[in-house]
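For reference, the structure is listed below as structure tokens.
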């Protein structure tokens, strides 16, 4: 592992992944208590892991050691390690660093031999793994005067950039939606770090003409990226990456179908990680991750195994906004405590017609990628007015046989809060299921602590 | 069959006991929740029973809800407050589709379907604006009885405008107005208006559907109810039984439903 | 003040009307220094009632006054946390005591002196005993609510359950420091840091704040932290009278 302050965050993650793999390597270990608890385990660990171990959320360790969660936990650790190694290699080779907004995939950047880093990924993984989450990044940018009511998914990384613990951007890529907070933050990053900002418009309407418009903007984006990278987009190279991206997408779509099974065979703790790897589609790590998730769930369906404890009635939940990144164990707790399974959410749901990218020619590939981004969760819902979001969820509740709608809205997401009542009304009318509405901050646990989340859930499930 | 059962709603301010017999309310009692509730509750239950002429051994089922349920020593089933309020309101007013419970500390707005099942709810249990406690604080500061606040508000000539939503700052504001020589009726009119508005914000977020029923101790304050009605533009019905016992009725109904299973 | 030194000061509980309070406090200060109102060249008023003082020559916001006042006492101060009766503020000043940035909470009573007054009453102790009571605790309770009224209820339950009152007082101090932290975080804290206002006198709150912020907090040993705002106002008055 190479040194350098800008690699600090990723290298910390790497140690965490090595530690996770080390612990997961003990196949009979199902909880830290088995070995005498956290303190005892700490003593047994090799020296280089101890400091890192202290930082990790204790209940996260116990969650990934559970037999039903192990397989995917290992896949996550392997994949993230590989991605970090890739980043370090490209930094060594001094490749251009392209920071991009999450609802897109990496094939074009990879074909241009750039280093793609998702702005929002950096805060998210830290929030998920560590006791202190990504709070230091958030606090840093806020102490510069950046408003606290804006989106933590950008706040954390902006703080990290100021702290110098992540690589600096050479270019920033942003879909210009109606999400002002994120648009402004990318502008800030562009000015502060003197990196060009390429915005490509997500059209307002959701139809053929709008899609053609998007394809046009993607082509203009490619032109600008070619100038910055100093490479031209080669058809063969792109094809290689698109094929890998197709693999990941194929598994992802198949997993979604499996979640329709009763009981749902896919554990909830890794949903935020699913989003993390979907934004890495194009990379082989994403393909291997989704393959593992799919095979894990498939096996469960074949064996008729359940992810909720014996004797509990399954309560199938559609998440109308989405997860939070700061407590993956909380989603596991929902299964264990309440038999509540997690179906789909607006950060994981790709409609079935997303399909795969046609690799015949450069044109079909660019169009295919644009189409996938057109269908991408969050991109999709940001377009048009509330009809897409509402219709998607009425459909999800019906097709996935949801028992209730969870609206854990991110406090910074103005779009969601504007339409949330339309959503719960539509679901009540057309599907007849109850809704729970509450606020959370997607990355910052201090806004709605886990104890509070549990209290909210307990009240709701007692009512059902 | 004469099924006799009991519902208990042990809140942060008041304890409510209801005795159900032959599908109707045979007797009930409302008292202040004491500092050491356990013994006080048992004593109170005995009092309510003796007033009703029913003995403890006749009670075939008992449901309990509210903050203080853990203090109930009698054999009982614990019921979710949201469910109890929904069921209780629906039982008293079958056309109820929106239930607004304004209690001692917290307020809840619930959307129920035609079967009395709660579909969605909004809680305010973080902030005391709109709570019975706020009204109590104002009553104390003005040396009034809590029952006087409603009627006195209605007689106001020029309602004072309250600038603070916070119950604590509101109390200071009330004292400032007294010192500035404002009429007490005008001041309490401002307070009840503010409380009504706070409740209406809560219920508007949920979405109001007729019929709208208000429960809890604060429902007894005519001025608050009026302010709420004006703000949401829908008639607010008060249950013909004591509005405070709706939760306890619901608790009894929930416990009874378990017997049939 | 005269020529950059304090002649006298006074501190009283407010009367219902600001003019009454100001007159009473002014009379006390004047008599202590053996002066009369006519001897005052320039009087600057600050705080909530600043526009209603008949004998004030001009007025200035209390944010500037707290910043300037604290800086005058200890010139190395760069951050002032003022915790008053009804609001709390975090103020960043430069090397001359001029305000750079501030954040304020005047909407919610938790995090203000009012909160501590309510808690002291609920625990049945005098306000100035609340801090020392907290210090003797070995195991502070965890307060789970955020609203003063709800916390009051929580505290009442704890006392009836027989929990140790010093543990409760310690929990209260911690809860207060947590509330303050949300405001303070909005300005980038730079040392040296000082706390002004009445709540500065609650040692337990200040200790908790130190811990949460991870910085040293300077104490005003010779001057009452509650008069820092007035001190700042006097400094501005000095400047303004010299300008003529």
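Note that the chains are named A, B and C in the order they appear, and that numbering of residues resets to 1 at the start of each chain.
Note that contacts are C-beta pairs under 8 Å (C-beta built on N, C-alpha and C of every residue); 3 or more make two chains touch, one makes a residue touch a chain.
Owing to the predicted nature of the structure, the values given are computational and were not obtained by experimental measurement.
*Asks:* Any idea which chain sits dead centre by C-alpha averages?
*Replies:* The most central chain, going by mean C-alpha position, is A.
*Asks:* Among the chains, which has its CA centre at the largest distance from chain C's?
*Replies:* A
*Asks:* When contacts are scored as defined above, which chain pair ends up with more C-beta pairs, B-C or A-B?
*Replies:* Contact tally favours B-C.
*Asks:* Between chain A and chain B, what is the separation of their C-alpha centroids in Å?
*Replies:* 43
*Asks:* List the centre-to-centre spacing of chain B and chain C in whole Å, with centres computed as mean CA coordinates.
*Replies:* Measuring from centre to centre gives 39 Å for this pair.
*Asks:* At least two partner chains per residue is the criterion; list those residues in chain A.
*Replies:* Residues of chain A never touch two or more of the other chains.
*Asks:* Find every residue in chain B that makes contact with two or more other chains and list them.
*Replies:* Touching at least two other chains: none.
*Asks:* Which residues does chain C have that touch at least 2 chains other than itself?
*Replies:* Not one residue in chain C touches at least two other chains.
*Asks:* Which residues of chain B touch chain A in the complex?
*Replies:* 79-80, 82-83, 111, 113, 117-123, 205, 207
*Asks:* Chain A touches which residues of chain C in the complex?
*Replies:* Result: residues 101, 144, 185-189 of chain C touch chain A.
*Asks:* Which positions of chain B touch chain C when the two form their complex?
*Replies:* 12, 35-36, 105, 125-128, 131, 133-134, 165-169, 172, 175-176, 179-180
*Asks:* So in the complex, the part of chain A that touches chain B is made up of which residues?
*Replies:* 421, 424-425, 428, 432, 434-437, 459, 462-463
*Asks:* Looking at the complex, which residues from chain C come into contact with chain B?
*Replies:* So the residues of chain C in touch with chain B come to 16-17, 86, 107-109, 114-115, 118, 145-150, 153, 156, 160.
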